[in-house]
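Same chain, two partners: chain A is paired with chain B first, then with chain C.
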Partner chain A sequence: MFAPFMVNAWIVATLVAIVAGAVGFFVVLRGSAFVAHAIPNGSFAGAAGATLLGVNVLFGLGVCSLGGALGISALTKRGRSDVATALTLAFLLALGALFLSLGGGYAPAVYSLLFGEVLGISVSQLVPTVVLCLVSLAALALIYRPLLLNSALPESAPSSRVELAFLLVIALATTMTVPVVGTTLIFSLLIGPAATARAFVSRPGVAILVAICIALVIVWVAIGASYLSGWPVGFFVGSLSAVAYATGRAYSALASR
Partner chain B sequence: MHGFFASPAVQLGAGIGAAVAIVAATLGVFTVIRSQAFAGESMGDIGTAGGAGAYLLSVGPVLGFAAATTAAAAIMELLGVQRARGRDLVTGVVLGAGFALSALLLYVATTDNTTSGTTSTVMFGSLFALRSSDLALTLSLAAIALGVTLALFRPLLLASTDTDLAAAQGLPLRLLGFAYLLALAIAVALAALTVGSILSTALLVGPAATALKLTDRPLRAVVYASVIGIGAVWLGLVLAYDSYDWPPAHHGWPASFFIVALVLCAYLAGGGWRRWADRRAA
Partner chain C sequence: MTATLNPSPVKADPALRVAEASVQIGQRRILDEVSFELTPGTVTGLIGANGAGKTTLLRAILGRQALSRGQIAKHGRIGYVPQKFLLDPDMPLRGRDLVGLGLDGRRFGLPLPSKAKAARVEEALRQVDAQSFADTRVGRLSGGEQQRILLAHALISQPRLLLLDEPLANLDLRSAKEVVTLLSRLAAEHELGVLISAHELNQLLPVMGQVVYLADGRAISGSTDEVIRADVLSLLYRHHVDVLHVHGRVVVVAGEGDQVLS
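Presenting the complex of A and B:
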């Protein structure tokens, strides 16, 4: 489980959990679960396009997650935000389907893009992931106070710039996390730990730390279990997140009684 | 081109596609009014698990999609998706758990037979691959969803637009909400069959949102949305058929891509028309 070829997986998964826990806190606070689902999922188009053109997958993911964030932001100005998010996402996914089809549609490759491939992380992927992780954490620290204010009191502190900046942070986090846990399961990692943490603590700083800890435990257990069983890591991340959330809800139900 | 209309696969695809477009458009109008696009999107994604499960059990995809989306509707209802506060979070957690299940089932399905395109077919749909044995079940599900929605049209509309007034009139809000979720589950399952589980939202939300830009009257919006939906599906089929001669691969572009792209174009055009009309009225 800790063989040399697994070391990169552990490092990347740890970074992913830290970023997902921190970003996830704001996703939950703002109730923007749909956007957190749409940007990573839409970035699938980028990965499929990059595979088709033979360029670095991280580049394709970056282009499409940033494009998704900007598209959602632009369409939201002119209509309902959930419709804007749904249509941006559907279009990106359809583009992904087209790229896949043009590239011959190799099924296992699609699968690992969507649900993650922990074993396939090379050293050349490690460096950009570490850089992106630091950049997205720095960006989050930079907008921390205005974002917190805007999230907690959206009516009295409205700001479309903060909103866009947050979408871009999600896009950055997406770009680095997709190759590890897959486009679909980052979402569980963004929502589950942070929602659980909020059930236990309410102070923002503490809640972020708790969310990161829960995310770390989920990712580590998921990788270990995936390695031992041969089942997809995404299955474990998704179900452990759901279990964590159920525990959190049970705790708040008991505490409020 | 004349070979296009003679092909039985195309006729079946066009027929089922039109029925699905009408159901999706009708439910879509309520989905847009109630701002529950995320619930529709989640059901579509959870439908992936059903599609993969149906493949493993060798039953028809319609049954798998419908079973998974109906189960998702029931769980969302149990966890309290009706309350607007925290609704996205509950939807999201159900979605995450659904993804986990999809990951496992697709994993089993793809390792079972590595050359199969199960993942692609389930997620991105294949209107040309429908079997005529699916027809009866598909049409009866469509009729049920449409019948329930039209029978509850007025109370559901009131409950969706003005909750307080609906409650004051003594309407059973929770029951109406659940009936809507179940009808939505069927509509999403049918849309998943047409354009694939993860693209079903486009057919659900796109035509309805476009129609609501063109008119403010709900029943008229349902009619417009149906027309837009059918137009997108049929034109998408024609283009997909035509694309067999297109570069680069000469094996055809996916129909789902054309359908979703057409839906997005319609939405953008609808928004443009609305702004132009508003400016002229002002």
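Presenting the complex of A and C:
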């Protein structure tokens, strides 16, 4: 499973895990799991549109995830965040359905967008993924303190700029991770490791590092198990995230007794 | 500014000056020409029933609510402790971390370990007597403990003005008394103008140097003896009220409906 064609998979999955662990920490802290579900799923419209037009899928993903983030941000200013998120998601999915039907005969590509194709990552995909990974981590490091403050005390430190910046970070992370683990599974990789880490540590910086470590273990084990068993990577990512979370909850329950 | 003409600018320069501040939202006038000043070193009670405009006034002072008329002049930093803080018990953030964010939470970039910062956090925790629970997750602390952490979070940036929105609302009597004593001590020690909103004034009576009494968006301010009087409050309410003194406590009650003043 360490054959040359697998090297890209290992590298990309590692980067995805690092970004998902760090971004996911704030997603869970802010209770914005729904947004983290909506942006990746909505970005599927971009991928479908890009395929239809014959342009780079990453470009389409980027346009739709950034558009989704901006849409959610704009609508949230004058309304409830869950409603804004739901309508943005529904609109993007509707666009995606249209692009799919116009394109025709696209089912295998859709499947890979939903569940990823980490084993099929090419060298040409590697460079943009690395760049996006570095950009999202740098952006997150830049806004780390204001974002932490705004997440913990939205009442005393309201900041629409910080909120928008974080939505854009989710959009960047989405663009980078969807081709690898798919729209469905990036969701579990954002939430599972971060939610698990909270159970074990009480300091924010440490919790981020633990979340990253858990995400790394999940993707590495998932790729290895998928290679050996022939079962989809996504199955292992999703179930390992759930197992990690259950373990964290059990630990919390035992520790608080 | 005319403060330079004054021989003792610190005293003459209030921490906050609210001048004929009005807020109108649609047809509804939430604040109606509210005026008062906040003196450093004293505790001021912002007293009024629910809906009287207390929160709107605090939001206006914080700059989160635009005035339709009037001015609010502030000097120095403002520390703010919001009313509702329901912190997630599983949030991986210790009291100590939250206090630290009061110091540098608006700066960009990752925080680097700093002895100076740790010392200031420790000092802020000591001021509010929160050292014993500073390493517990904030969401798992009691309401009174969370409030102390938020107070330290506000104090660490060395504000001149401290605003607290209904800090006594969810506290038992004993914790409320402790918080009031603490705030009064902090006001004196740090030359802080402290503004505490409350719908009940008795708990603040022992420490209040000034009261701003709000009713239907109108306000009257002065010492408690000047303001908490039947004739003064009746004018403010535009309705006859009685002020009763019962065992050192004050009760403001509405009079008969036909005794309307105007």
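Everything that follows uses one rule, which is that the second predicted complex is superposed on the first by the 256 of 257 C-alpha atoms of A that agree within 3 Å, B and C clash if a C-alpha of one lies under 4 Å from a C-alpha of the other, contacts with A are read in each partner's own complex, and residues count from 1 in each chain.
Just so we're on the same page, contacts are C-beta pairs under 8 Å (C-beta built on N, C-alpha and C of every residue); 3 or more make two chains touch, one makes a residue touch a chain.
It should be emphasised that the depicted structure is a prediction, and the values quoted were computed from it without experimental measurement.
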Which of chain B and chain C A:Val55 touches, first, second, both or neither: neither
First (chain B), second (chain C), both or neither touched by A:Phe235: first
Touched partner set for A:Glu155, first chain B, second chain C, both or neither: second
Contacts of A:Ala197 with chain B and chain C, given as first, second, both or neither: second
First (chain B), second (chain C), both or neither touched by A:Val7: neither
First (chain B), second (chain C), both or neither touched by A:Leu29: second
Winner by number of chain A residues touched, once chain B and chain C are compared: B
Common ground on chain A, meaning residues reached by chain C in one complex and by chain B in the other: 31
Touching residues on chain C, where the partner in the complex is chain A: 64, 80-82, 84-85, 87-88, 90-94, 97-98, 101, 104-111, 135-138, 150, 153-154
Residue ranges of chain A in contact with chain C within the complex: 29, 31, 141-146, 148-149, 152-153, 155-158, 197-199, 201-207, 252
List of chain A residues in touch with chain B within their complex: 28, 31-34, 36-37, 41, 78-80, 82-83, 85-87, 89-91, 93-95, 97-98, 100-102, 104-105, 107-108, 110-111, 114-115, 182, 184-185, 187-188, 191-192, 195, 231-232, 234-239, 241-242, 245
Chain B - residues contacting chain A, complex: 32, 35-38, 40-42, 45, 86, 88-89, 91-93, 95-104, 106-107, 110, 114-120, 123-124, 196, 198-199, 201-202, 205-206, 209, 213, 248-249, 251-254, 256-257, 259-261, 263-264, 267, 271, 275
